[in-house]
Every structure is written in structure tokens, then in C-alpha cells.
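Supplied in C-alpha cells, the structure appears directly below.
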């Protein structure tokens, strides 16, 4: 089978309308967020945490998916790897999203209040870790690590477009091997810092894995949606049903994985019934939060589970596209459910919640069009590309 | 009081029949003699208007009579009398021989229940030993379970070593009553005979003997204890019972200033699920740590009431003692001046018992009156309940103990007659634990039903409560607001052990108050 | 010589490519009763043969849902309806704890029934014999060849045409396959004595073994059911004591707590003189006395102590208790009679507790008063 | 292929060389046709003597009682549950290879799947032995199943041990069914190969009349896919439920939410180590080096680094959250593990599970048979000690310092452990003689030229 491997054959820009829409959404999002900070800074700061965690999911998750492809020796995802690489570029924008939050740490994190910590033996014991300077330091370190790996992966990958050197693949495989443990720790710390420490008395050892399951889902869904959209618009014409099936199957697997982790956490805490642990679930089971909790189960598990259960549904592009969007929304809901009960004891919803989703959608569109202008949409130099394009189950 | 078993005669009856001549023996001979003696000597001095029989029966019923005896009225402490007891100075090591707490001078050596009662302080069972202070042990170069030879002019004996924090330096105390060679299947060859150290002249005199020479001898002898020993200066485990709020203590001064001082850091307890409601009687116990003297009478009482098996020394060493209630002893402070705390620990009959959840066969579950009940016949013995019990008060029959100990001694006639017919005799492979003397509860309940009156919690007395000489244990219905136990539960000093596990125990402890202010002990 | 009938015409092929093409050709030629045999699943064969996708998925969905629903319903019934027990303070219906079992049952039902369905429905188990078995054709297929077999019952079947067709599409070793008619008819009856004998023998063996294991073996040492207890059970005899009574009476001459012996044995006068009713005539005491009286006394003395019960005539008649004698007796005398009995009246000491006896006396006094009411009472 | 820079443009042949399908039949079926060699007889006599030692210890335990073991108060679970979790873990590799790798379309699984599945079944048999034995009254196992009885009593559906009963029995049944379904075509091949009449009858019966018909293959493949789809969550659920045995409790060191995924990772980790160890012998003994290639072993070693690192992550997470959570009991337990009386077990576990497997980062070690064998053994030791650390250290020092105790296993404990290994390897030795250790039909499908070039 002959594959066009000339670099030009694969570089295509997104239409200007997409870029324009991206900018409009981005600016609108920023405006809403700014307004939110003016009107209700505390609430906006919590929304900012959600926004940050969401972006971190998509960005770091995409870097992870790139690394996973290398380390797992997967071929089916080679033709679409660039999408993950592009989305991975979002890690560079993480500080921008996080920045406003840093000015409102006091509103969000209970442990930043020195007088509270001094009066609370438990929090005092955690103060070496839950410390503003250390928090920022961790953020910076994690940002550097993610950016570095993203940079190295993409640099080698793009270099390969011209050199076609299989050694670059070998280097990336080794890098991916190093990245995996680093990613595990950094993502866990992100989850602990940004989400778990919202309720500083509470802790759960599985929390990092829980956030990881959502992260992979979010990154995968974002990529899936973009890939299908590009395929439908003629950007990736050579893709076969088998590749989409793999995306769908992976999505289905991680939906189950998320449910498995979430249920394990719940069952163990419910069963032992220790007040120090149950308090976290109980605050999510009263004052209206119980409806959000139920909604989360339905939205994040039940519906996507049955929607993607059969073999055919995983190859149905329309359904896959819908489910990708659906799961992105579910992940947002998941983060909302994780973060917002700390903000208010009773469930509440406000326009400020829209700021970051709009902003982030715009951001993704802008970043994508920027990247697509400068890069090949397909890693034309990758030695596995031919196999990837002819991948059959 | 038992009627003669087999073809036996009471020793008094034997003596009497010798005095009164041939064919005078009958079973009641001593009884009649005793009654006649009382009628003649004691009864007239009472000068009551009742006849002798009434007097006799009421004396028997009460168990005591009050004699009009007055001393000389001088109750001052006579310091000089000490001189006759304790010599002014000792040479070398001093050996103190004391009666055993439980088997006395050895008369009860054949009673397994008593042999297996842990020593109130050292928690050693089935043995006597030379108790040394930490410094003395260091001087002698011995450690726990080493053996030393004690030589006195009148004899010598090799005794295992036990290091006892708080013991006076240079002083070695050993219990008498052990080392009997012919005491029956249980009591023979238990411990060492230190009677050989007693001078003939001192059999009735002082048992504090100076001038002993002590030398370490080769070999070890392993003592069995029911509680592990942790070094008092190991910061890792030191004072854990206080840090974990297992034993809570305060000072009298503290209490006077602020009666609620225990509960300032209020722990909020709630459940993720709806909690079970108990209407009607709900059993609960309260234990006042101020009153508890750590004597183990409750343990003995429980053993007898509930057919608790004897397991023997080796099994205790393995950690398989079966007592349903135990007295935990904790040290705090330093090895030279330790502070000991006692805490009776038994099944807490938790409302949200972690043991119940995990039993696969529902052999342990909750009764409508709040008892954590154990169904022996359903139990398959997974031991999961014991693992999940925060208090580790469940006991497992690793063997058929009665068959296993002393060649089935406890299964033979007539020893088996001593088992309480109201309580199941457990066999191997089943878990058991404190039942709050459910058989006694049922008895009171039956009586209440029979008489058509409501069950009154305070009518039930558990065996440990009955046995407690200090009335440290209170039992009753916590839903009865007037009951003593309800008052204890509401007491300022009341607390539950390991509250944070949310097990909701039904045994309330009253924190110990130490009056250390006046003695300036801190 | 058994009668043989042709089953099909078979042809062998060497490579997967050939067989795929051959299958395709066969289908295009319009044959319907044919089959392709390959030693392992060859990709794309389903398409080449034009087979529809297997329906097993639907079965699995049904089995799985059945497992999930039935297990949850069962656990609900057990914990809510049949035997609700408080376990560890958890609610009776602890749904999170049901999830693991429900999941396992779902998987078990779905996967085992799936395989059973496949074997029975598609592999036609237990009817597993087939004409192709034991043919040289099958032996080659089992090893490394690929084959097509076009059956005789195909509407388009024609020996010559098919042979030519197979040859045309590259088939080698084109051979017919035959089968025995007798094999098909070789049915077995239910009432074969041998079969019945085996059944009977199995039944005897199984029931015997069950009985031996569960009623004999399992009750021997070392298996313990705690049915023998090393203690003197209530109401059981004992070999140890000469009188054989296991539950020992208190030793003579002893006094139990709360039980002073009755001091006026055989001395009714002294009892009357010395005993005083320790209870006050409160409403509760009288109620209690009434209940006890009606239980123990009324059968003879009558509900109103008139000595007019149904038992009249069967014994020396029980007297009325309204006689002057009884009315003027001190309480102690009545107590004595209840305790010790009188004439034919037996002692009630062991049936009626002491307090109850005194309560009866109070009640009796009430009856007596009612029977001889004074005028002042009427007011 | 190990010399030059790796060629990414083509898929590696799963089977080395270009064996013909018929040759495969002969190679794989060879052990079934020959009289067992002397090595085999020596091996089985060793394993049978281990088995009889175990049988003796089990018999004595049944007769005398659990007191023969080292268990006590407070450590009521000892070797029994350690071994149970260990063996269940060993079993997980088989299902992972046969089901999860099947779903992931990893063709290299074909060479080892059959063997791994057999190991799963044997390991589950060994594992199942221990929960039965560890109960005090071993003659009452039926009490753990909900059957209608005259007491009117059911089981406690909130008990993890009941979940275990369901999970382990489901796992065993489904694994056995999965294994058997995989065997059907091979049995048919054997039926058509053999010349012995008895064998032919047996194979005929168990091959259910299989005739390699594509009309059957079609359903067969579908069923196999669905079974794999069920086996995957099932295998996760089994070790998850085993982890629940500990994690639902309130005992510090047991109650932690990361246990489910951590146990699953650990199970796969130890299972792969065991499969790798045994396969090294099998490929040698039965001339299967071209079917079970060095690539297979290397891939398994890679899986071991991944799962080993997951286990390491869980250790780190437990330590971190024990500190972060601020619960003094948790903090104590983890300090006690690292520094207390069982520190030796803890450090054995950490070094064997986290440190030594890191050597697999080096390709040379990954492809060196002696090195990987040694590391595989170390991993199995480490994983056994992991369960020991979890079970024993947590129990020996829990809440009340007064009830602390020490656990010392007895010879009976050791004997039964030895016996379980005896049982496992005896079953394996019998298996390699009576059934094809490699799936004939699956391997035929992945040899070069095994599939049509155009579709």
C-alpha cells in the first residue's frame, strides 16, 4: 500500500473561521472570568481550580498518551499521534490558567490560614507539606517536568518528519519509560495539591489514581473528538474503522476503570465508616449535592457505558464523537463534584462556571490551529506509520 | 460447699468420729457438732430474743456475724515495731518471698484457672520468677528469661529472671507456692520451689532474707506473659496508651478546676448510613478506672461463670489465652519510677461492631437489646472478626482446649461438673468472647416475664461485676435514664476507648484521676 | 454391508488466500449448503462466506442482566424479608456491599450460559457425530489444509458439476464423503435395562455415600459439632452420683442468698403468731395476688374463694375461705397453709414464691371483705 | 534481531523461523505421544513428595486443630491467608495474558496463553485450599454459601469473605470454561492425529464433535471475544475483592483505599514472574524455543517493570498518605513496618519488588535467561512477603498496645506452603503430558503466511 510520505502532503491549516471562533471563545472566556473575579472572587477562584484541573487533565493526559504509544509499541495510534502532541502543548499554558488562582489561594485553601493551622493539631502536622511556598514550588516543578517531556517528545517526533531516523523513536521510547513514573508522581501531587487539599482533613490513597482515570478519559476524548472531526473534514482520510474502534475501546475501558476506582473508594470508606473519611462523602450527599452525585454516576458511567458497550457502537463515528464531548462534560462534572462542595455546603450553580469551559474550548482551538499551521498533521517520518495506517484488528 | 463425692469423708468428720468412738460416723456429724458449739458458746453472748435456729440461719445467710470485740483503742502507728520485722541492714542481695497472689501457699496449685490468671503487674502466668529492677538486672548482667542462682545459708535455688520496672534495687522478690511435685495433673511441676530458701526458724517469721548471693547460670527459661513487654525508654512505643487515649487520666486538681477537661477536643461521631435505633432495654457497662485495683477477680469470676477454658503455659506464650476479660497494664514514666495504669478490657459490644460486618456466616450479630452476640454453632472459625476487632477481645479455640490441657483433665468426671450448665462448652474451631453474661440477663428476663413486670436493667449483675471487690464495674440498661450506668455514661470523666474507629462501644470508662498534687510526685 | 449414503463432495486447498477465494467463488456460484473448514479461524472468511454476525452477544446481554437482577433481588429478599438481622449497625439493605456479589453472579451467568448456549445451539451438543468425522479430509484439515465441502442436499448439487466447479477453483483431492444410515438410526431407548440398572446403582451409591458422609462420618471425631458437652446439662442424669440426679439439690443445711429456710415447719401456731405480712396492700400487690390466686388457688377454692370450683366432688371438698375460722386467722397461719399444705392440699412452697404467697393473702383479704362487706364499704 | 537498531517498520514474527502448520502439530503434540523422560519422572517425584508433606500437615491440622499453626491472638491470619493471596495473585497472570492481551490484540500472547491459563487454574486450586483450611471448623464450608437450610439462615452478604467465595469460585469456573473453550479445536486436532483408540475416544468426547467448520469458528470467535471481555473485569474484580478482605476493615495498615488497584497490579506482577519462571523450563524441555521465544520472555519482563512500578507507587502512596493523613495509628503502622520487629520482611519486600525489577530497564538483563530467572524468583519472594507484611505486621501491632503479639510460623505452616507448591507443580507436570501446552490453532493462525495477504 502506498502512503504519501512527502511532508507537504500532510500539512494542512485549519480554516480561518475556526481560528477566529477560537479567539472569540477565548476572549469571551477571559472576559467572563475577569468579570467573575470582580463580582465574586471566591467563587471564581474555585471555578479556576476546576478550570486548571481540567486543562491539566487534557494537557498532561495527552503527553501521557504520547508516551504510552511509545512505550506500548502501539501502531494504530501513530497516524493520529500528532493530535495528542498538539494537545500536549497545552501544558505550556498551564501557568496562565493557574496564575489568577495564586492570588486567591486564601479564599480556596483552608490550610493557608495560619491561625487555623495553629489551632488545629492535624493541620499543624501537615504544615510542612501544605505550605504556600512549597505548593508553588511543586507547581513550578511539575510544570517544568511536563513541559520538558512535552518538548522532548515533540521535538524528536517533528525532527523525524525530515530525518526519518528510527533512532528518534528509540530515544522517545526511553524518554517515555522515564516519563511514566515521573508522570505518576506529578499527577498524583497535582491531584493532592489542587483537589484533595481543598478539604485538608481528608485523605485517600487512591485519590491520585482517581484523578488519573479522569485525566486519561479527558485527554482521550478530546483527541478522539478532534480526530473524528478532522477525519470528517478530510484532514485524516486514510484512517480505518479499526483505529476508531481502538479509540472507542480505550474510552470504554477507561470509563469502566473510572467507575471501578470511584466505586472502590466509595465502598471502602462506606464500609469502614470512619468519620474522618466519611465526612467527604457525606458533604457530597446532602443539601442538593446528592443529586449531583447521582448525576455523576449516570453521566460519567451509566450512559457512556451502555452507549459504547457493543462492538459496532465503538466504530460508529457519530456516536463516538457525541460520547467524546459527553465524557469531556462528565469530567468537568466530576471536577465540579470534587471541588465545589468545599465552596458551598448546598449545591449552587452560577454563570461563572461557564467562564473556564468557554475559555478552554477557545484555547484548544487556537492552539490547535497554531500547531497545525506549523506541523505536519501526521508524523510522516515515523517508521511505524505504514503499519499504523494499515492497522487491522 | 459440696456434698461428699465418691466415698469420701470430711476431715473434721473423720476426727470427730475418732473422738466419739466407733460407729459414731454419719454425714452430718460435723455439722451437728458445729451447731451445738455455736449454740453453746456464741449464741448466748448475742443475747437476742430469737431462738438459735433463726440466729443460725441468718448467720449462714449473711455469711458474717458481728462480734462485739473491742481493741485497746490505740490506733497509732508504732514505728518501733518495724525493727522486729525488718532488720536494720542487709548484706548483699535481699530476697523477699511472698505468697502467690492466686495460688496462695500452693494450696490452689491444681486450679488451672488460678494458675492462668496473669500476675496483676508482671502479667506472668504459670510460673514464679525472680523479680529484679532494671539496674539490678544490669548489675547482674542478666536479661529477661535468663536464670540466676540464689544462694542463702539455708539453701539455694535456680530461678528465672523477670525485670520489673519500679522494683527496689538490690531486692529480689519471688513468689512461694510453686514448684510442687505432687499437686495433681495441673499443679505439679509448675514453677520452682523456693521454700528451700526459707530458714527453718523463719517458717512463721520474716520472709525478707538478706545476705543472698546471686549468680547468673547458663541457659534460659521462658516465662509466659499475656501482655508483651515494651521497653519504657523506647520512644517509638512509649506512652502509646496515653497518646492513643486508650487510658485517659488526669489529676484531681485538673478535675476540680475544670470537670469537663477530658472533652474539650470534641470528636464528632456520625455514620454514613442511617443508624440502628434501640428502643427498650439496651445493655451497657461502665468501668470506673479510679476504682479498679487490677486484682483480676473479674477475670476469675468470668472464667468460672462462662466456662472459659484453661490453655496452659505454652499456649499463653503463643498468645492464645482465652480469658474473656483481661486487665491491661500500661506503664508510663521511667523504668525507675514507672506509673502503672490498669484497664479491664472486654468485649465492648459496639453498636457498629466491625467484627460483625466481616463474619461471612452471620455467626456474630446484634440482638435487639444491643448485645453483640456470638452463635457458636454457626461459627466456622474464619477468625476474621478477631482481626477486625480494634480491641482484640475475641478468643479463638485453636484446639479443643479441654481435651488438650493435662490429658483431658477438664473433660473428666467430676471436673466437668464445675462447668456452668447455662453456658455452652465451646469446642475447637469456634470464636468466643464476652457475652455480657447473657445467661444471667436471660434469667432476669425470664423472671420479669414470669412476674409480668418490666425488665429492670439493674437487676442483672454480670459475673465480673459480682466479683469486683471495688465495685468498679456497673452494668445495666442505658436507655433507663435513672440507672446508674446511664449516669456513668453521661459523666464528665466518661470516655470510650478508640472512639475514632466509630465502633460505638457500650462500655464506658471513667478516666482515672491521680491525686498527685498533694504528693508532689510530678 | 452397511448402507452408505453420500454426504458431500470435498476439496482441499493449500493456502489461506486460496480458500478465501474458493469460499467466495462457492458463494457466488449460488451454493448454500456448503461449509468451509480451516484449522484455525481465517480472517475475512465470514465476509467471503457471507455469514451474518453471530448473535451470541444478545444471549450474553440477557444472561448477564438475569444474573444481575436475580442476585440483587435475592440479596434484598434475604436481608429485608426473610431474615433481617442487625449486623455491625449497618442498614438491612446495604446496597454497596451487594455490588461485588451481583457483579460476580452477572459474570458467572453470562459467561457460563454463553458457552452452554454456543455448545448446545450451534455445536448441537449432545448430538456431536457428523459424517465428516474420521475422514481423511478431516485429518488433513486438522493439520494444515483448508477445505470446502459442498453437501449433497444442496438444491444445486450435481455430482459432476460440483466436481468440475471444485476443480476449477483450484481444489485438490476432490473426494466424496459417505455416512452410514444405521448410524443415524442408532437410537437408545429410555427403558434399556442396562441403562436403568446403572441409574439404580448410581442412586443407591449416591444416597448411601451421602448418608454415610453427612450422618455418620461427619459426626465422628475429630469433627466437632459441640453436641457433646463436657458439662452436666440441665435435666440430665449423671453417673457420678449414686441417686443418678444430675441437677444437685442444695446441700442439706446450707442457706442460699435470699432464701432463708422456713422456720415453722410443722408449727402452724407459731407461724400464725410470729409471721407478719411483709407487703403492703397496694394496688400492684393485690393485682399480683389476684393473678397468682387465679392461677394456683382458684382451681380448688373457686374464683371467689367460696370453695365452689369445678373440682367439687372429686376430692374431699375444698372448703370455702369465707368461714369465720379463716377470716379470723392471722396472715401467718394462711401463709403456713400455703407453704406447707393442709389435709389433702399439697405444699405450694416450690410453685409460688414467697412474695407471691403474701400477695395472695392480701387478695384473699380483699375477697373476704367483699364477701362480708360492711355498710361503710358501700359508701 | 537483537543486534542492529530495532526495525519499527514491520511487526516481529510471533513464531520464529517459518514452521509449517504440520510441523507445529508434531512439535506441540510431541510430549503427549512419547513416554515421559527420566527428568520428568524425577521432577514429578520431587513435587509429589512435597505434595505428600503438605497432605500430611493438612491431615494433622484437620485432626488436631488450627493450634498446630503459628496463628494466635492478635495475629489470627498467618501463612494461610498470605498463601491464599499469593496463589490468587499467581493466577492473575494467566487470565491477563489470555484475556486482556487478547482484547489488546497482542499476537505474542498465543504462544504462552494456554500455559498461563493452565497455571491460573492450578494456582486458583492452590489458593482455594487455604480459605478452606484456615477456618477453624473445616468441615463446614457450606455455611459460607447461601443454600436453603433448616436454620433459615443465609450468609452475610456484607462480608468480604462471602464476596471471596463468589469471586474465587466464579473465577475458577470462568477460567476453566475459557481454558476449555480454547482447547476444543486442539482436542479435535489431537483426535485426528492419534492412533491410540483410547486416546481417540477421550479426545472425541471432549472435542465435542469439532470439525473446524467456519460456521462454528464464527460463533466460537465471538464467544471467545466475549469471554475475554468478561474475564478481564472478572480478574480485576477477584483481586480487588481479595484486597477488600483487608481494606474494608478498620485495622491500620489494612484500611486504605488504594488497595484494589494496588493488589491487582501486585497480582499481575507476581503472576508474570511465575509464568516467566516456569516457561523458561518448559520451552527448554519441550523444544518450544521458536514458539515461546526470547521476545515473549522479554515482553513479560517489561510487564513486570510496569506492574512492579505500580506496586512501588502504591507503597509510596501509602507511606505518603499515612503521613499526610495525620492519623497516628496509620503513621505508627508504617513506621512499625519499616523499623519494627518485622522490618526484615518489609525490606525484603521493598527490595525484591521495587528495587531488583528495576534491573529490567537494561535490555541485556531483560534478555538474559539466568538474570530474568533470578529476578523472577526474587519477585515471587518479594510478593509473598508483601502479603506477609500486610497481614502480619498490621495485626501484630494494632490499636491497643496491650494486645500486641508476635507471629511465629510453625513447621506445619511451612509444610502446607510446600505442599501447595507440590500441588501446583504436580498439576503442571501432568498438564504438560496430557494436553498441548501451546494453543495449536492459535499459533497456526499467527505464523507467517498464516493469514490471507489481501482482505
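Letters A, B, C and D mark the chains as written, and numbering starts fresh at 1 in each.
Everything below uses one rule, namely that a contact is a pair of C-beta atoms (placed from the backbone, for glycine too) under 8 Å apart; a residue touches a chain by one contact, two chains touch by 3 or more.
Quantities reported herein were computed from a predicted structural model and do not represent experimental measurements.
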Closest chain to the centre of mass proxy, which here is the mean CA position: D
Pair exhibiting more inter-chain C-beta contacts, A-B or A-C: A-B
Whole-Å separation of chain centres (CA-atom averages), chain A against chain B: 63
Inter-chain centre distance, chain A versus chain C - centres from mean C-alpha coordinates, in Å: 52
Separation of mean Cα positions, chain D and chain A [Å, integer]: 34
Chain C, residues touching no fewer than two other chains: 43, 57, 87-88, 90, 94, 97, 224
Chain B: positions in contact with at least two other chains: 271, 273, 352, 354, 357, 359, 362, 400, 428-430, 501
Sequence positions of chain A contacting 2 or more other chains: 267, 269-272, 274, 276, 392
Topology of the chain contact graph, where touching chains are joined (line, ring, star, complete, other): complete
Residues of chain B defined as touching chain C within the complex: 1-3, 5, 28, 31, 53-54, 57-58, 60-61, 271, 273-276, 307, 350-357, 359, 362, 365-366, 368, 376-377, 400, 402, 410-411, 413-414, 416-417, 419-422, 424-430, 451-452, 504
Residue ranges of chain C in contact with chain B within the complex: 85-91, 94, 224-226, 229-234, 238-240, 247-248, 251-261, 263, 288, 291
Chain D residues within the chain C interface of the complex: 20-22, 25, 62-65, 137, 139, 146, 152-154, 156-158, 160, 162-163, 166-167, 170, 173-174, 177-178, 181, 185, 188-189, 191-193, 204, 208-223, 226-227, 230-231, 233-234, 237, 241, 244, 441-442, 444-445, 449-455
Chain B-touching residues of chain D, taken from the complex the two chains share: 64-67, 70-77, 131, 134-138, 140-141, 143-144, 151, 153-156, 158-162, 165, 245, 248-251, 328-329, 332, 335-336, 339-340, 395, 398-406, 408
Residues on chain A engaged by chain C in the complex (per definition of touch): 263, 266-267, 270-271, 310-311, 392
